[in-house]
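To start, the structure itself, in structure tokens.
Just so it is clear, A, B, C and D label the chains in written order, and each chain counts residues from 1 on its own.
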Amino acid sequence: MAHEWQTKISRVMDGKVIIRGYSHEKLIGDYSYAEGVFLTLRGSLPTKAEARMTDAMLNSLLDHGFVAASVLAARYAASGNPQLVPGTAAGLLTAGSNTISPQHSAEFLERAVKQMRDEKLSLEETAKKVVAQVRAERRRIPGLGHPTHKGDDFRAVKLRAIAAECGFVGDKVRMFEAIHAEFLRSTGKQGICINVDGMLGALMSEMGFRPLQMAAVALLAVLPGIMAHVIEEIEEGKPLRIVRDEDCDYLGEPERPFP
Amino acid sequence: MAHEWQTKISRVMDGKVIIRGYSHEKLIGDYSYAEGVFLTLRGSLPTKAEARMTDAMLNSLLDHGFVAASVLAARYAASGNPQLVPGTAAGLLTAGSNTISPQHSAEFLERAVKQMRDEKLSLEETAKKVVAQVRAERRRIPGLGHPTHKGDDFRAVKLRAIAAECGFVGDKVRMFEAIHAEFLRSTGKQGICINVDGMLGALMSEMGFRPLQMAAVALLAVLPGIMAHVIEEIEEGKPLRIVRDEDCDYLGEPERPFP
Amino acid sequence: MAHEWQTKISRVMDGKVIIRGYSHEKLIGDYSYAEGVFLTLRGSLPTKAEARMTDAMLNSLLDHGFVAASVLAARYAASGNPQLVPGTAAGLLTAGSNTISPQHSAEFLERAVKQMRDEKLSLEETAKKVVAQVRAERRRIPGLGHPTHKGDDFRAVKLRAIAAECGFVGDKVRMFEAIHAEFLRSTGKQGICINVDGMLGALMSEMGFRPLQMAAVALLAVLPGIMAHVIEEIEEGKPLRIVRDEDCDYLGEPERPFP
Amino acid sequence: MAHEWQTKISRVMDGKVIIRGYSHEKLIGDYSYAEGVFLTLRGSLPTKAEARMTDAMLNSLLDHGFVAASVLAARYAASGNPQLVPGTAAGLLTAGSNTISPQHSAEFLERAVKQMRDEKLSLEETAKKVVAQVRAERRRIPGLGHPTHKGDDFRAVKLRAIAAECGFVGDKVRMFEAIHAEFLRSTGKQGICINVDGMLGALMSEMGFRPLQMAAVALLAVLPGIMAHVIEEIEEGKPLRIVRDEDCDYLGEPERPFP
């Protein structure tokens, strides 16, 4: 009878582990972490270009200080409970529909590229249709805009340059750029960049990552900063951070008698 | 052979569950949540006095707005990941040595009461020794002081009054009051109250809670507010809260060239 | 200028807190935790019937032993990291689309009741349409079935009886029962009950809870058991629980040479 | 006046971020993730040897299947709440005093080396004293023993070999080996290895990591496997995993009447 637990990821034996079919022993030291991550998540070893691109992506979110909700959640948690693991978990739990989720851009772009093919449109025609529809529905385009980086998001730009060298600039990246251009043109807005989350989604889509695998890479990419901040909070922060009552607004019911 | 999992908490059968020996069915509706919590954690049904005291303690931390690191961690997490469960977990993870941990006061008071008995001292003599030692070691007395409530912490005062009615004012509570008085006298400080965390620890110690059980009651007591704030953040908050770079101080290395 | 943080939940002042307009001080001891939870989450004090129903619901998930993924997640976490807060958080994080989420049943029933009204159908006609559609789409009906309780889920039955006394049996509950009956009739299945999650959703819908508020009540209801199990794991469990390699199945790639 | 938030980790500006003084832009693509992690956590760029050793350590815990409490916590959580972030957080929260904490071995070895120097002992004399004391106090030696790897833990052996090449075999590693040998000799036990957690602690101590920094590296090292398992659980696992009531032992109170 089958056991309760089954996996295709690794086989553990006395004195040996194989990961996706490869000896774990050899992976230690002979392969980079970027290659180990790719293998563990995707199931096969990366090519040289995939390994280089993955390593660059893993370094693309190293830290963004307090301009990151995840760091603030992590440091508030650590100011009450000064330990690495709970603070780091609080930071991680901040990753969701509004941040650290390249998969949303990827899914958006994959739908646009599918529409282009299904309807036999050009990039520009598709971008026009997509932007018009998003604006009509008053939705956001995932992966556009950043609170600090108004011109370019240098992380997106650098990743795009590496992707060009590695051969990962394809339909999704070009669609993103066409949609971005059309968005700026049609709205007349300025200071709206393709942000790093969006570029990560586009590139991982080009590389064949599935949405959950994309999210996993993004989590690894933000963790060095989250953990450095938790450690800094424990070692140099305040024992219990609060916001003083005079610095908040109460907008609720005025005091009332009990019934 | 024994199974992997063993428990003394509940027995689950087709159509029936017993919790600590009692029919779960009857607990629903015929007993209050305070009684259900007491039974599940402690292993026996509470007396009337224990039930009333537990219910009061569970209501003693309902919400404290932004003057609580847990609420801030929870809301930052929810602003990135607008879901109830992750935001609530981020809030919970803030409970630790600096907040929401009555067990630290309890353990401090239990040691003081033991010293009083071992050394056959009066309350006042013990308080003098304990405060002198803490001050010599430059440590904090757990359960004293509050950032907002400078005179009294009304929650501690109300719990103390209910405890008097219920018969739970004993050695630990009296020791806490003696230590508090001695601390104010010897330091000449004002505006340092016995806070609610401290009183919860003293009272649960009187009632025979063990430290982990105390912490569990405190977690239930803060959760209504944490969850109400997560819901408010999801429904009325900002999609991604950050602190702008101009509102932070960078104290690290100036920019430097790569080696 | 408005401050960063705004809330309608509580106002904190030196020596005083008001919660949804009511003095926190009076809530401690004069009101039950069920009433405190209702007020904090919903914004108004409950009626007697609402308070009794809420208290019963809070006691309806006290513990369900190892027949609960949340308890298993919590105990595995605590066996590696023997602390209350992280283990409890791991348990909480298990609440989602497959468990501890009454809101899914509520939303399902609200749609069915809306359809009944929009299309001017009887309960039975609506149930037939709804069940036929769900079966055609091979989806599950949220709130039906339980791995242990094959006949009735006694928790659902008891909550339903209390709801009848309190006046909370309305369209949603009756629709659930009609759908359940139609499901059994049309599939010929037996041993599929209305489970406690489903009944909680139906009842909280009758009582005017919004989906996130329903989920919050369910989290409070499972926490006593999760925390009792974390404490038991810390005090009496195994230091590091694993599943031995011979008790798992490896279904992945056979060992292969590196390229 | 100083702002609430201060950091030495990064400075965020419009169009630019510096991390520990270095341009983030250049770190993307020109430096490996191992180097990025080292810089972010430690504050300076690693040497070639430090980078190689860090990369090897990051690959040393890629996955260990179900012979890991963290994977089991993560998969149970994901079976209830099939999302990447909560399941990953549940896995992370398992890291603590019983697993994934190389810092405990490091601190143990650092005390032993200090004792050797203070008391001017040889390695072997120190090992004898340390092992005798641990055995007298019936404590465990952190970093010895593994449930599956009875002979050697191949991950520890491989890391040790790379450390020898990189020049990181010093007092802490040698002390560990002396203590291990003395433990086997004095107890007559076999099948107790130096495990990977222990070797990671010894090596990071040699490299000048502080305890919280060590824990951070270990968390990154286990995450690929935890996340791969969460994804596998979501994509191929069971919707709600439980342990059936007949597969558990109830050791508590027999059913009893209510008072």
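Simple rule for what comes next: contacts are C-beta pairs under 8 Å (C-beta built on N, C-alpha and C of every residue); 3 or more make two chains touch, one makes a residue touch a chain.
In this text the structure is predicted, and so the values were computed from the model without any measurement.
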Intersection of contact partners for subunit A and subunit B: C, D
Furthest chain, CA centroid comparison against subunit C: D
Centroid distance [mean C-alpha coordinates] between subunit D and subunit B, Å: 30
Between subunit A and subunit D, centroid-to-centroid distance (C-alpha), Å: 25
Touching two or more other chains - residues of subunit C: 4-5, 7-14, 65-67, 81, 85-86, 89, 93, 95-96, 148, 241, 243, 245, 247-248, 250
Subunit D contact footprint on subunit C (complex, rising order): 65-70, 72-74, 76-77, 79-83, 86-87, 89-90, 93-100, 147-148, 239-245, 247-248, 250
Touching residues (chain side subunit B, partner subunit D) in the complex: 2-14, 18, 20-23, 26, 43, 45, 81, 85-86, 89, 243, 245, 247-256, 258-259
Residues of subunit B that touch subunit C when the two form their complex: 4-5, 7-17, 19, 24-25, 27-29, 31-34, 36-37, 39-41, 52, 55-56, 58-60, 62-67, 75, 84-86, 88-89, 92-93, 95-96, 148-152, 154-155, 158-159, 161-162, 212-213, 215-216, 219-220, 223-225, 227-232, 234-235, 241
